[in-house]
Amino acid sequence: MSLGIRSVFVVSLLIFSLVGGVVGAQDMGVAKIGIMVPLTGAFGADAQDVVQAAQIAVDDLNEMGGVAGYTLELVIADTVDQRADAVTTAFNQLSNTEDLNFIMTAYASTSNFEIDLMAEIDMPYLISANAAQTRDIISADPEAYGTVWSRVPSYDAYETALPELLEAYNEAGLLSLRDREAFIISSDDPYGTTIATGMSAHFESLGWTVVGYETVPFASVTDWRGLLAKIRENEPDIVIVTDSAPPNNAAFMNQFMENPPNSLLFLQYGPSVQEFLELTGENSTGLIYNNLGAAIDSKSEVIEIRDRYEEMYGHRGGYFTVIAYDQVMIYATCLEAVGDPADRTAIGECLGSLEMETLAGFLTFDQETHLAIQGPEYYPIQFYQIWEGERIQIEPDKYATGEFRVPPWMDME
Amino acid sequence: MTPLLTVDKATKKFGELVAVDNVSFEVNEGEIYGIAGPNGAGKTTLFNLITGIPYHADAGSVHLRGDDITGLSPHEIYERGIARTFQKETAFDTLTVGENVRIGAVFGTELRPDQYESAVDKALADLDLGAERDRLAGELSLYAKKRLMIASAIVSGPSLLMLDEPAGGLNVAELSELEDLIRRLSRGEMTIIIIEHVLPLLFGVSNRVMVMDFGERLAEGSPEELARDDVVIEAYLGERGKDAFHAISG
Amino acid sequence: MTWMDEGFKIRHLVWALGIVIFLAIPHLVTDKLLMHLAILGMLYAIVASNWDLTLGYAGVFNFAHLAFFGIGAYTSGILAVKAGVSPWLGIPAGGVTAALASILVSIPAIRLRGIYVALLTFACSQLVLLLLLSQPLITGGQQGLTGVPQLQIGDFRFRESRFAHFYLVGFLLLCSTIFLRRLVTSDFGLSLIALRDFEEYAVARGIPLARQRLLAFLLSSIFPGLAGGVYAHFLIVASPDIFGFSLTTLLLSMVLVGGVATIYGPVIVGVVMTYVSELMASSAWMSEVFGISRGPVRFMFVAVLIVLTMRFFPEGVWGLIKRFSARARGTSNEQQSQSGS
Amino acid sequence: MLFQVESLVSGYGKIDVVRSLSLHVDEGEHVGLFGPNGHGKTTLLRTVSGLIPAKAGKISFRGEDISNLDPRVIVERGLIHVPQGNQLFPQMTVQENLTLGAYVSRSDSHKASNFEKVFALFPRLEERRSQRARTLSGGERQMLSIGVGLMGMPELLLLDEPSVGLAPLIKEELARAIAEIAATGVSMIVVDQDVELLLGICDRLYLIEKGAVSLETADVSQVDQAEILEMYFGKVTG
Amino acid sequence: MTLEALVAIIAGGLVSGSLYALMASGLSLVWGTVRMFNFAHGALVMVGAYSAWYVSNRGGIAKALQPIGKSIVANSEEAGALGGLLLPLGEWILSIKGGFGLVLGVPFAILCCGLVGYIMYVLLVKPFVGKPGADLIVIITTIAGASFMQNGVQVIFGPRYKQLDRILKGPPLQILETAIGLQEVLIIILTPLTLFLLHLFLKHSKLGLAIRAVAQNDDFAHLVGINVSQIYPLTFVVSSILAGLCGVMLGGLFFILPTMGAQELLFAFVVVVFGGLGSLPGTIVGAYVIGFIRESSAYIIDLYWAPVVLFATLIIVLIFRPRGLMGGEDS
């Protein structure tokens, strides 16, 4: 039945777009923005956010008369399940498109190997995830990648901020650390591994003991009870999971709450996805997590974009929604400054030398790694605590909407 | 003189069923040795465990010219010079007739590559299949398939040819042709063991015949002796048949 | 003139024409995407046609060949990235490791039959994947191995040339196809078909089952291993998705839609299918009609295409081509005989 | 006439095994088919019961053409084929096998009484009713096979080689049971190599050779034993 | 190992074992009867979860009906008498806020999966039954079918995670030192119950008996009058429903995604081989054994190596007992 409705919809869309194509012929030049994201497959939700939010940004700009005399237009290339051949095919599709001189993505592949392809043809490329991979590739020879920039900062803060925050809370009496013991569960993807190993080292440098360090295959564990049993044997001060897949995070949360140990719980990334809250409900009250390079939720523009997005597409966007909007705006800034979209080197240079306030904080790039600079005055690391289905921002103070509280399952004395 | 083939106390069980029960026999060089017996008597099982296809005997031994070949894998047994046919007419259906026979020539034989084609020609001529050489084996008639199976068996010049019910499903003309053929092959110094239901054919061509029933060896002797043997007749015709037989033959 | 001579001549003519067209393609086609897809398609065609040797001719349903491909890719990639070995040594090394892997997997596999071989080889390829993932320091783990150098001879970089990759992969495909065709028409090929058609009969005619099966795996592992090496340098990455279900499905359908036990079928469909599925994704029509869901819609189309092919042309595309050419020949013969009378 | 086969041709693939075969069975009659192996007896039965298609000719039952009908429809009409050898559901119990014998609707409602009849005929089956079929001895399996056929309430029963591979004592027991079934008035076609067994049951015999009837003897007592013997052993007297 | 850990392993093993058992028994049933592997079985898990979600949850059918309800209410005045009749219907539709709940969702999922299973049989399997190389062809057609369904669902419902209600809500059950979620407890209890129902169906119903009969000897099944050509689709329907139930349970534990079920299918294959192809008791025992191996290897060695242990076990079983641990009795 719904297929029938859909086909009617499709046909009318076709007619509409044909008519629109004739009417919309214009004299202005076109600057195409390539989006390279895994639309088909397990990560389709993020990819959809990016495409749809970028469309809102492009529409906004075009409505205001375009940028530097150019109308913006999106060209979308699907990297499917991020298989290497699909990524290169998508790249070739975009690099082959006329008037396309800028590509943006949340993440296109798991390894960011496409950066080398971009650099070969001086394609301005703005990335919003996989900072570790980006740094690994670029720091070897930063000059060779003049057009590739990552608007997500180094993940170093993910490794250091949590241990330091815990010490600070301990000092402030918000929390009392018993044995300074941490239990870390890492996934085997680069994101999870980098954060987990870094965090483990940092905990130890602060005099903590890492009583457990387990590696699990990324996004595939749904039953955590075996590991939870190990955790309960140790009852550390904090349990950290760096597997960032929201479904698996949610399963962990729920199973954790079946018989919670007297430990704080920190989950990486997963809780920032809307569905995480729906699935865990009351269970997630007290959980903490953090974000780097994310939109700052208390900014009114951010709230506005989120609301518009929800109104247009019928659901709340995730982490990458506002970011994708922001990415288009960042490009627009440089296009305005350079004037000629085809001058890729100039656009690349402009991006690299940006100093601007964005929806995620103050943006400027580190010239050694081409990552956005991280810090309270730049792109801050933001800590949240979930309380009764709401996200309370607890750090940094500047943007905080509430204070850290001891989770209800914990017994502080 | 050592017999060509010696089977000693061969036994094969399938669960409860003893398909071949402690069977011993010898086949001499140049002889045509027949094996008779009703359906399910264990004749084909006996063939199977001699050739190792698809299984070996649970107990007992098989010797070829005094060499122990028990438990060798099927292709090794073929290499030693034992070639067999199957009860059901089988062929490599997607290969041509020529290729079917070539298979028998190429593997496990002492032929040199330049002799393959002439050996194939000869085998095809012997079995009157020369005209069918380029046809797909799957398209052949039943009798032609049976001959093709024999052609691929004799192309390597085996010392022992084992025929499993070559006459099944053939008409009278074909039967007499087959009988001639077997005699002709035997004259070419090939020793032959033959399982056959069509007893006139079997008794007609064999020098000696063994009769089996319930996996056991019931009797062995010349066809003339056996055709008068009560045990044999009863195995085929039941008790009343036996009486009737005595009534006619006196 | 007898018909055989004519057929022979036509065959040669077709080959010659094919090679001329092949050499001309990079001069005529300037579209980078099309060239990229052609190269990918030819690499997949190599894997699919070699897979066909075991799957079609030997009748052993297995999932080993993508593992050979992946092992080739990782061997050459790791050698180049971690040891600085030249790709021109790394690629043959990929062929060697794939061959070694083929021996390892076929030792347990030749004892099994039917669906069990499929499951065993599948488990083996998953095990290879898990082992690769477990050594992230060497293999790059889940994210894959980046920084694989592109191919170059002296200062001549393959990526900068329109011809280099195309000719290299084309040459590899040609070698692989000739090798496979020679193999399947040799006595070895006959023995594989014989074993497939009637195993018991074949072993009764002296064909050593275990040896031939092992050889079939071994001989069909080398070119996928080499292709894997080239693949890693072509895409400048070796990633675990090679072992994933989606590529397996794609290649398996190339073999079956192309026509089992034909070699030519998987070669042709390998190239064509890569085109069809990718071009559909980037076609303007698809993006206008289906918008953001054109990705999934394309896979739905491909799925329907596969089912329809299997339903109406179970002998595959090559079977269809043969049927048509036979009909064309039939009619031309008829005309000849008519005009002669 | 209950059942008639006219110029039937059938076989496997391109090979014809049954070549223009004609025969008939009258109501209440018991007909025996014998002859060497591989001459088409089993193929004939398989064609009659619809397992393989008839290529030419006609099979009629109670005057209606039943050639190439679905096997299910043929069973539903009361024409029941008890196949050769160990054709049973091996992992099922005796009881379940028998229950399946009454699968079609015409016999489903008479299951209870038919169970009684079968168990009365083969008391051994009742003893073994919860045993799996594959654990039965050869003779018991044959009994079960016939029992399954009886559960379908046959009007014409086709028995294929009931005595094959059985030891003499069991063969006799089985022959008695078949004779008992025959005595209840069920029409029958019995195929067997054992002519003696057939002679004890049948009213009329057909000799099947090379896919056709080569001899028909209406009067069993007049069967020429010598001819049969010659067929089996050839001319060896002398 | 503490008692607590032991209980956790047992509970975990029972849950994953249950899910594998539901999946693998369907797979095994189809293999036993039709002699084919259904590679779309994993996609059916997904179909089960989505169809249950569609009816039971707020985001599903209720949302889809809203526009219809609105248009009825808006146009009722112009439509006169008919509009007056339809108005309550429109108002009722608009009043649906939370979906219809699992009470309707689960039966709908069963219906849907049964139907999809039947269609799948007709389109992907039936044309090839009895043809040479059918088993191979069916592998590729069912893979294509799975891809079609997966991508179709993504087109219809989008790529976002969906979430199914838990059948039971409330605090977890405390057993010794360990707590187990109610949904998990339900799975542990319901699965054996479902499998027992399946057993009763196969053992005592006429159709169930017929399915087993065809599995054991389809030639003879013809001769007792079973309509074999109807049994094949029936098997597909039954096995699809089992997969769908697995999907409903999984959907309550985790998110619903178009790609869900693929991993479960992988493990179900391991289970089916482990337990012996086509043997239902073997499959069920195998499912729980694999569940326990997985859970305990996760605890004892490392979660990371659990699949390695499983695949290595599978390879060893295949080498030494090619017919599975419980199989090998039938010839």
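All chains are identified by letter, namely A, B, C, D and E, in their written order; residue positions are counted from 1 within each chain.
Simple rule for what comes next: a contact is a pair of C-beta atoms (placed from the backbone, for glycine too) under 8 Å apart; a residue touches a chain by one contact, two chains touch by 3 or more.
Predicted, not measured: the structure shown is a model, and the values here were computed from it.
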item	value
Required minimum of steps from subunit C to subunit D, each step between chains that touch	2
Number of steps on the shortest touching-chain route linking subunit C and subunit E	1
Of all other chains, the one whose Cα centre sits farthest from subunit C	D
Longest centre-to-centre distance from subunit B, chain (CA-based)	A
Subunit A and subunit C, separation of their C-alpha mean positions in angstrom	38
Whole-Å separation of chain centres (CA-atom averages), subunit A against subunit E	34
Centroid spacing, where centroids are CA-atom means, of subunit A and subunit B in whole angstrom	76
Shared interface positions of subunit D, touching two or more other chains	none
Residue list for subunit C, restricted to those that touch at least two other chains	134, 290, 295-296, 299
Touching pairs among all chains present in the structure	A-C, A-E, B-C, B-D, C-E, D-E
Subunit D to subunit B touching residues, read off their complex	14-15, 17, 36-39, 137-138, 161, 164-165, 167, 171, 193-197, 199, 210, 225-226, 228-237
Contact footprint of subunit E on subunit C as seen in their complex	55, 61, 108, 111-116, 119-120, 122-124, 126-127, 130-131, 134, 245, 249, 252-253, 256, 260, 290, 293, 295-297, 299-300, 302-304, 306-307, 310-311, 314
Residue ranges of subunit C in contact with subunit B within the complex	187, 190-191, 193-194, 197-198, 200-209
Touch list for subunit E against partner subunit A, complex	2, 4-5, 8-9, 11-12, 15-16, 64, 151, 154-156, 158-163, 172, 174, 177-181, 253-255, 257-259, 263, 295-296, 298-299, 302-304, 307
Subunit E residues within the subunit D interface of the complex	206, 209-210, 212-213, 216-217, 219-227, 329-330
